[in-house]
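Next, two complexes with subunit A in common: one pairs it with subunit B, the other with subunit C.
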Partner chain A sequence: MTGTVSRQRAAAGLALVLLAVAAIMFPVVFSSPVITNYAIYALIFIAVVTAWNMFSGFSGYISLGQAVFFGSGAYAVGIAARAWHITGVGVFALLPLAAAVGAVIAVPFGLVALRVRRHTFIVITIAVFFIFQLMAYNFAFTGGSVGVAAPFLPWSPTTFNDRFYYLTLGCAVVAVVIAVLVRRARFGLRLRAIRDDEDRARGLGVRTMRVKLAAFVLSATITGLVGGVWFLYLTQVQPPSGFDPLFDLSLVLMAFLGGLGTISGPIIGALIIEPGQLYLTIKYTNGYLSEILLGALFLAIVIFVPRGIVPTTGEWLRRLRTRGRPAVPPVPAAPDPDPARSGLSGGTT
Partner chain B sequence: MARQIYQAIVDGILVGGVYALMAVGLTLIFGVLDIINIAQGVLVILGAYLSYSLSTRLHIDLFAGLLITVPAMFVIGVVIQWAFIRRLRGRERTSMTLLVTYAVALIIEGILYEIYGPNPKQLNASYVQSSVHVFGFYLSYIYLYGFALALVLIAAIYALLYRTRFGRSVRATMQHETAARLIGIDVNRVAALTFGVGIAVTAAGGMMFGATNAFNPNSGYDLISRLLAIIILGGLGSIGGALIASVFMLTLESLVDIWSPEWAIVVFYAALVLVLVIRPTGFFGRQPVRAQ
Partner chain C sequence: MTALLRTEEVHKAYGDSCTLEVEEGSVAGLIGPNGSGKTTLFNVITGYAKADTGEVYLAGQKITNVTPDRVFALGIGRTFQLTRIFASLTVLENMLVASRRGNAAARKRAMEQLEFVGIAGHHAELAGTLSYGQRKLLELAYVLVADPAVILLDEPAGGVNLSLVNHIAERIRELNAAGKTFLIVEHNMEFVMGLCDRVTVLDSGTVVASGPPGIIRTDHRVLNAYLGEDLDPAEDE
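Let's look at the complex of A and B:
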């Protein structure tokens, strides 16, 4: 038994190393900026959807206001660079500010929104989202509908994308590591207890408001930071691009496609949906057909894999493995010792 | 100044009546099916485009065209419910229905873009441009007619809910679905028909919206956010709440509009957030949205 476990662990470790090598070598093999552009967007979304999942997936509070932090992080970097006359590579020193702005906004936002549940919570996040988008349009310091432009980075076009690739890769890795830590910690357990039955969790002594708010702020911090990186990559932000309603729905779709509340699910969802969406937008510039296709994809996911790819595949594999043997109920004792598998099998059970 | 304020209040009430009509459909759907229909906004726009096609191609009067568009939207609603919403179950139903109705919205929006293109359109008729002078106020005919139409339709919905057998089963399902099922109510049929009725009113709402605003396929998002704010403020599932919240919100917006048009819509959402801080169930919250 221990033999198979250690072998499994070794296999998982090897897979992780191979994945890391592949991720690091990617821009060396595919040096075309067209390809690395896809990869950078995929990594940005992996980081943000993982952050979203850390709060919404674990706690069951579906937020449609994540773009508030993303856009605010982007605007924070742009406005600070302009106000303090920071140019060149120095702008990267402003990224912690983007994270801090995300966190600072999340505190009052969370204190108001987390008082209500389910549908009302979702609608409050939408309302706050619109308030932020409208503020970005209306205030003078956000540049109205023109938006804010990033300072020029003195990098040659050939290395520009590569550097951003590694930066976004770093963001994605940090986000995933934090998500794994949260999920394994007592904190993650409390969040999932809230998802399963908030009133009972309270009865059992979980300080629900504090736990929810902490997860909300953590998620916002990461999202704000990534928003800042996205802004520097794109070099500009306008109200509809920084505060984009489709952004929030893409996150929900990615998480649902992969498997809400799992670690690997949202990553897989982001890897499938973001490049697909980008490809469709580039191919069909009028955007109408891509919209219809995106809608059809939504419906297909909900109808065919309502629980997400990762939980469904996990179940399917388990059934395949136990085929021909009497259906023994799995032993509920001992926590799953294998990190790779616990990421696959958890979440919706 | 005082005159401007009175005019703004009158405008707010008139426009609020039309919003109330759209919001009643949304809150009715929520009450019976326990879902938020994100597609409501784009369905309003679809209703507006249907009226547009009828009036420009076949030269049918906007109000007469409702005799065609309302049943058509009813059928569309029943089909959407039957095809997509019926099959959703389980713990993630709340967010799943959100995704499904959003997907429906995206598909309809894409189709509208394909057919009509992105340029804004507006419905036109002799009574859209002209206005009447009453007690010192300028009242546009279209707002008056629309308000009257909204009153008639809301009264019809009330009659349907409180004076018919179907209405009784709808109210029973809203109160307790399992109990309603146990006493022999066909809950699935009630859900399908309610969804149909909730969508059918968007035909009238869409015609009014299209006559008073320029619209393109993208206008649905702004509209749905306002409608959601209204029904949450009124208390989810409360029809009376939706009426009062519509008039309250639109009057507020119209008042702030005097001072600053850019901030009017911000005040709209800020009012929602503020009210919910004080009263998490909205004005007439029937069920505890915050069960703590």
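Let's look at the complex of A and C:
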């Protein structure tokens, strides 16, 4: 048994090393800006969907307002750079501000939205999202419908994408590491308990509001930061791109496709959906095709793999491994001094 | 003996007010027909429902309408009539949700409690895969993790087989001998009468009788409450 566990750990470690090498070497092997552009967007979405999953996937509170933090992070960098006359690579020093703006917005947002339970919470996040989109359209400091442009980065066009590739790779790695740490910690355990039965968790001493709010703010912080990176890569932000309703639908789809609440599921979902969506948008002039396919994919997921790729595949592998074995392992024949106990494993269903 | 848990004229929507006392170190039973307000009283004590009027005291400290997490922190743990476990967490993880710490000592204590109730062998399994009886034991175990002063059990013997009923009763006796105080709602009269020091009978939110099991068993008001008719011989005359 211990040998099997050691082998599994060694295999997982080796896979991680290979994955890291492949990720680092990717721009070297695929130097085309078209390809690295796909990779950058995929990494941006890996980071954001991991952050989204850290709150929504673990707690079961599905948020459709993550674009609030993403767009606000982008606008924060643009507005601050313009106001403080920051040019060149100095704008990267504003990325912590993008994260802070995400966190600051998440506190009152969470305090209001998290007072209600799941379905109502979704509606509130949508409402807040549209409030932010309307503010971006109507405030002077956000540049109205024109939006905000990023300062020029004095980088050679041949290395521009590569630099952003490694930056977004760093964001994705940090987001995944934080998600793993959260999931393994008591904090993550309590979030998952809230997902299963929030009232029961309260009855066992979990301060549910505090736990949910902390996860919501953490998720918003990472998303705000990545929004800032996205803005510098795209060099501009406008209300429909910064506060895009499809952004949140894509996140939900990625998480559901891969496996809500798992670590690897949303990553797999992002790797499948984001490049696919980008490809369809570039390839076909009909801008709605990708949206139509997204909707169809969502229906297919709900019907065929409602738990997502990772949990379903895990279940299949378990079944393969245990095929032919009894569903319940036989109880050791050692005598039990307490006759009452002997009834435990039996039919109490 | 002093009252560790006391409700004073608690009123929640239904009927009249309810006053009961649970003495420290005792096993108290709360019985009554369906809809008499037993679970509602549990909900009021543990903060899941707000009392319209009246007070709840724990060791003399007023805890009326305190939130469930605070009630638990103050030392009242409870189980539910229909078991409520965290199905997607493992059995051990279920235990750690209730634990005040997540360190090795907490894990050790959690495993000890699982051993105590008899499901330690299932610690790595998802709680959702447990049988109903095992879920009852898990609920009891994770309430014990935080070492509460009073444990409220809502129908611990409901829907489980006889051997498991005996097993649960034995665990309650052991815990009680170690100083734990219990308030138990149960319809299984044999279980209640064999286990409790004192039984309180509730009807329409009001205490109609209270006393040792031997007396309660023969109290005509209890029969009235359960059968819904007046069997008082005086009225027959």
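In this section, the second predicted complex is superposed on the first by the 327 of 349 C-alpha atoms of A that agree within 3 Å, B and C clash if a C-alpha of one lies under 4 Å from a C-alpha of the other, contacts with A are read in each partner's own complex, and residues count from 1 in each chain.
Simple rule for what comes next: a contact is a pair of C-beta atoms (placed from the backbone, for glycine too) under 8 Å apart; a residue touches a chain by one contact, two chains touch by 3 or more.
Quick caveat: nothing in here was measured; it's all calculated off a predicted structure.
Novice: Once the structures are superposed on A, label A:Leu280 by its partner contacts, choosing first (subunit B), second (subunit C), both or neither.
Specialist: A:Leu280: touches no partner chain.
Novice: On the A-aligned overlay, A:Val174 touches which partner chain: subunit B = first, subunit C = second, or both, or neither?
Specialist: Neither partner.
Novice: For A:Ile131 in the superposed arrangement: first (subunit B), second (subunit C), both or neither?
Specialist: The answer is first: A:Ile131 touches subunit B but not subunit C.
Novice: Spot which of subunit B and subunit C makes contact with more residues of subunit A, would you?
Specialist: B
Novice: Contact-wise, after the overlay, does A:Ile35 reach subunit B, subunit C, both or neither (first, second, both, neither)?
Specialist: In the superposed model, A:Ile35 contacts neither subunit B nor subunit C.
Novice: In the overlaid three-chain picture, which partner chain does A:Asp199 touch, first (subunit B) or second (subunit C), both, or neither?
Specialist: both
Novice: Touching A:Val305 in the superposition: subunit B (first), subunit C (second), both, neither?
Specialist: A:Val305: touches no partner chain.
Novice: Could you pull out which residues of subunit A sit against subunit B in one structure and against subunit C in the other?
Specialist: 199, 202
Novice: Show me the residue ranges of subunit A that touch subunit C in the complex, using the header's touch definition.
Specialist: 185-186, 189-190, 192-193, 195-197, 199-208, 261, 338-344, 346-349
Novice: Quick one: in the complex, what on subunit A touches subunit B?
Specialist: Touching subunit B from subunit A are residues 60, 62, 112, 115-120, 122-124, 126-128, 130-131, 134-135, 137-138, 198-199, 202, 245, 249, 252-253, 256, 260, 286-289, 291-292, 294-299, 301-303, 306-307.
Novice: Can you tell me which positions in subunit C touch subunit A when the two form their complex?
Specialist: For this pair, the touching residues of subunit C are 46-48, 67-69, 71-73, 77-78, 80, 84-89, 93, 96-98, 100-102, 118-119, 131-134, 136-137, 142-143, 146, 160-164, 166-167, 170.
Novice: Per the contact definition, I'd like the list of subunit B residues that touch subunit A in the complex.
Specialist: Within the complex, subunit B touches subunit A at residues 30, 36, 84, 87-88, 90-92, 94-96, 98-100, 102-107, 109-111, 113-114, 221, 225, 228-229, 232, 236, 262-263, 265-266, 269-270, 272-273, 276-277, 280, 289-292.
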